[in-house]
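Two complexes follow with chain A in common, the first pairing it with chain B and the second with chain C.
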Partner chain A sequence: MNAIECEHLTRAYGRALAVNDVTFAVPAGSIFALLGPNGAGKTTTLKLLLNLLRPTSGLASVLGCETTRLTKAHFRRIGYVAEDQIYPEWMTVSQLLDYYRPFYPSWDDALARRLTVMFDLPEDRPLKKLSRGMRMKAILLTILPFHPELLLLDEPFGGLDPQVRDDFIRGMLETVGSDRPNTVIISSHDIAEVEQLADWVGILLGGKLILAEPMISLQARFRRLEIVGASVASRLPDRLPPAWLKVERPASTVVQLIHNAFTNSVAAEAEVRAILGEIKIKPYPMTLREIFLVHSDLGRIEKKGQRHE
Partner chain B sequence: MLPFTVEFRAGEPAYEQVMYAAKKAIMSGHLAPGARFPSVRLLSQELRIHPNTAHKVVMALTAEGILAVQPGIGTVVTAASNASEQDRTALLKDEVERLVVEADQLGLTEEQVVAAVQKHWRKLSPKS
Partner chain C sequence: MNEAFHIFGKDIRRLWPIIVLSMTIHIIGYCIALSNIDPTSLGVFNSELQGLFQMAPLARWLIVFLLSVWVIHEDRAIGDRAAWLTRPISGGQILIAKVAFIVAAVSVPAGLASVSVALWLKAPLLLALAAGTQTLIVTFETALGFAVIAVVCSSTNQAGLILAGVFASIVLFTYCLFDIGRLKLPLSPFAVSGATYFLVACVLSTAVQAAALGHQYATLRTIRTIIMAAALISVANVGIRYWPINLWPYARRAALAPTLAEQLHAEPISSLANFVERHSTFSPAEVTISIPLRLGGASPDRVFWVNSVTSGLTMDDGRTVSTVTQPQGRQPQFDNEQGMLSVLGFRPSSAPITRDVDVATVRVSEFERIRGQKGRLTTQLQLIEGHYSLISRLPTRLGAEAKVDGHLCSIQAVLFSNGHCELHIQFVQLTSLIVDPNQLRAPFPSYVLINEARKEFSSSQLMGRSGNGRPGMTFATDRMAFASTYNLDTFALAGKVDAEWLSHAELCVFRIESVDSPTLNLSITSDPFVVPTKQLTQQVIIINPDGTKTTLER
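Our next item is the complex of A and B:
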């Protein structure tokens, strides 16, 4: 089952397309990292999923319901932490919990208590007297105890110190797991923070979804290939295979290329040799950060190209 | 705290890396037979991996007979020292492959690599 499905989801602000024909699905139980630079459409996408915005065209459904038909009952199963979260700052942490508890039939008081201890939150101090990190944890404390089936976190790590980030992730992991198919979407430009955690990745650039797939398949198919051979750089033909996403020549004897359909070293070597002749190749696995940067660089080049036309 | 550490390497599946670290800890005797193996939740929180990945690791180690479920206790390490030489060698497969590839690219011969390994072995190994 999918927790989220988007089909040709589009949202325009005036003539600008903040989200442009986005189609993807998030299987229930996954932690989906939605990556993209600022202004890529991450926040707009999340707001469309919550029906805080209406799509200009296309549609999205969450927990099996089209977003424009979401009811109160659905929102009792969905947790959302906005980037610019508004909170009743005069309340203390325990007042905040007392306020939220009655809204959620699935509220788990034992988890709320455990999280309060884990987060090291002073229960009787007003939120306005807490640090930003403490406030973020307090907000998470109002959401996790009802075991949201869908948790949407918009740039949750911004401005948080490493200790608070760690608490935040631990807290989140209290309610995600094999015994519960709860789904999490984290939008972030903080890639290293989610690399091991997420099992699905989506990359948004300029409102377009560049890719959305399981982390394992992404890690398997992307390689940086270092190709070494005498004058190999000058042997590069004009037309290159489409899987060679990016090709660079740091020296006449070296070609670096990003391959996006890598299967194994033997096949890759055969493929490259068919084009470049006698060479040696060395495949390097790529971090999520490197994969992301390759795409955002390509996006930038494409944009410039269009402007020149 | 976990009884073993995982140094995550770029671009490699978290599942394989955690499996590797766990097996190494058990086969080297770091985690003795009868020792409790961390729960799925603890693994997930300490390593910041998806709980499903942690679950998969525990299931796979149990299926291989390296861990056993003991009611009321959790998962415990079974007979670690039973690991065959073959099993233990397999743990170094990636490192050996990487060494061979590197050596080949540097134009070294098999003998030179073996000699280099022996030299370091004598320098570092306390047993010989």
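Our next item is the complex of A and C:
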């Protein structure tokens, strides 16, 4: 079962498309990393999922309910953490917990106490006097004790020091998967951090979803190939096959190739040899960061091309 | 409901210092208004302090505005960043909490302050409660209006700017429509009591404001909310103006027989008519035609307001000019000091009341066309009846004070200058529309001095009035001049008001109450008159202290 489903989700601001025909699904119980550079449409996508914004076209459903029909009952199962949210800043941490507790029947006081200790938050200090990291932890503290089935985190790690980041992640993992399949969506450009957490990845570029798939499949699919052969650079075809994302020619005898369909390595290598002839292929696995950067570069090149046209 | 109460509690915790400040301002506002400060002792600070007193009610409304805006912005309904939007909190719960806050923390303190002051003024409990309720309702309505502005704004500054903008737009809109466009709204064919009008206005306004707040909290669609509110306000205003059913009849203090239409008669005194050209900065110049009218047949204690005048001016060449006017001002057009004396038990003169009444207003261009022609005026007057009622009698000495029935009258200064006696009189009265709706029509009092030892009286002339109204209460400081004295039996001139005369005199304070009667319609046809062709110039000759003369022409 999917916790989130989007079909051709589009949100326009005038002529600009912030989210452009996005279709993806997030299986229940997974941790989904939504990656993208600034302005890619990550926050807009999350806001569409929470019905904070209405889609221009397309549909999205969250926990089996269409987003435009989300009710109080659904929000008892959804947690949302974003830096720019407006909270009652005059409240102390304990007042904030006291305020939100009655709205959640599933509130777990013991967990709240445990997290307060783990986060090392000063309970009697108003939110406005907390540092950014402390404030994010305080907000997370008002979310985790009701065991949200779906947790949406919008840029939660930006500007946090490693200690706070660790606290934040530990706190989040404390509840995820504890008694029911919790789903987490993290929008971020801190790729190294989410790589360790996420089991699904989606990449948004210029409002378009480039990919959305399990982390394992992604890491199996992408390889950086170092191809060595006599004048191999001159043998490259004018029109690259779809699986060859990017080609670099550091020397006439060496070609660096990003291949995005390397799951079946034997078939992929055979395809490369069929085009380039007698060569040596050395495949290197790619990190999520590298995969993201390749797509980001391609996106930039495509955008420039569109501009030149 | 529990969750709404929880949100309400959060708002109270947040804003309690401002609520305390608001209550203090309510109380201080009343204290300042009720304080017996003798304006003559203020010296050079007189005007500044007077100005400060005038500003005091503004501080009250400012704090009501701030409280209303801040409570709404605690859980703002604009944009997509408010935390409650992603929590199991519905807009309905927030709306209930905010309205409860406006009632409990903004309106109730204002009402309680009003009740306390009313009881201090020795008002009957029912009247005090009614005045307090009225204050509460008016404050609630105003605060809810501020809340509607706040709900479509993201900051207090923005709300302040929009409030100013709304005010300016209303002024501009009404000016364009009614002054430049000369739009005349048709009169309501239904006569309803002031209390009914007040209640209908409150209910319809509350409904519109609640609908706008609810819409914004439910949908977060600001532009739609603004359009919806503007449309509903227009519909509500039409509903208020033409409301047909009398819901709350007047609870009058004295059952007075209304004057019958058959016994009342009005006639023009002669063929004289005054033509006065009025110029204003923005609207086109107009000529007002007024004729002296004699009104007879009414009891001597009665006064009459002219509610509307419908006139037709038929010229010899067949040209007809039709106008409908509604006189402004709150003092009755047909008033009579003898009416006050009759209330005190003195025999009034049987002479009918004679006053100049504006019967038609035409544009200058139209007036130019009928100049020099002979014409006849046919006028239908619609009158509303009132009567004098004695509030209190107090000796004419400095510091004399009377608190009775929700009124406070006190003499703050007694001066003799330029051959007349000047009294500075502070006057406070409850203005409860619910129990006693008459006050809306004539909120200020009338005065007469009586010297029973000499069997003489002196009538007053208003020199100046500074005052302010607040829901449930009217404050005024009147500067009244008393010059000549008259015999109570013959009404003949007897002498002048001096210190000796004043020492045996009493100040009688009256108010004017409506008589619960249908409006009275009178038809008048004037004798033919000629519209003048020449501009008359009025000469004013001022005799200076050194004996020289200055002549002014206008």
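Basically, the second predicted complex is superposed on the first by the 301 of 309 C-alpha atoms of A that agree within 3 Å, B and C clash if a C-alpha of one lies under 4 Å from a C-alpha of the other, contacts with A are read in each partner's own complex, and residues count from 1 in each chain.
As a working rule, a contact is a pair of C-beta atoms (placed from the backbone, for glycine too) under 8 Å apart; a residue touches a chain by one contact, two chains touch by 3 or more.
The structure displayed is predicted, hence computed values, not measured ones.
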Side-by-side fit of chain B and chain C on chain A, or clash: fit
Broader residue contact with chain A after superposition on the shared chain, chain B or chain C: B
Superposed arrangement, angle subtended at the Cα centre of chain A by chain B and chain C, nearest 10 degrees: 150
Which superposed partner A:170 touches (first chain B, second chain C, both, neither): first
Partner chain(s) touched by A:196 [first = chain B, second = chain C, both, neither]: first
Contacts of A:100 with chain B and chain C, given as first, second, both or neither: second
Which of chain B and chain C A:13 touches, first, second, both or neither: neither
Closest Cα approach, chain C to chain B, once both complexes are overlaid on chain A (Å): 25
Common interface residues of chain A - those touching chain B in one complex and chain C in the other: none
Chain A partner contacts - residues on chain C that touch it in the complex: 2-3, 6, 10, 13-14, 74, 76, 80-83, 85-90
Residue numbers on chain A that touch chain C, as the complex places them: 47, 50, 52-53, 72-73, 75-76, 78, 80, 82, 84-88, 90, 95, 99-100, 102-104
Parts of chain A lying in touch with chain B, wherever the complex brings them together: 29-31, 169-170, 173-174, 176-178, 195-199, 215-216, 219-220, 222, 228, 280, 282, 284-288, 290
Partner chain A, residues of chain B touching it in the complex: 8-15, 40-41, 44-45, 47-53, 55, 101, 105
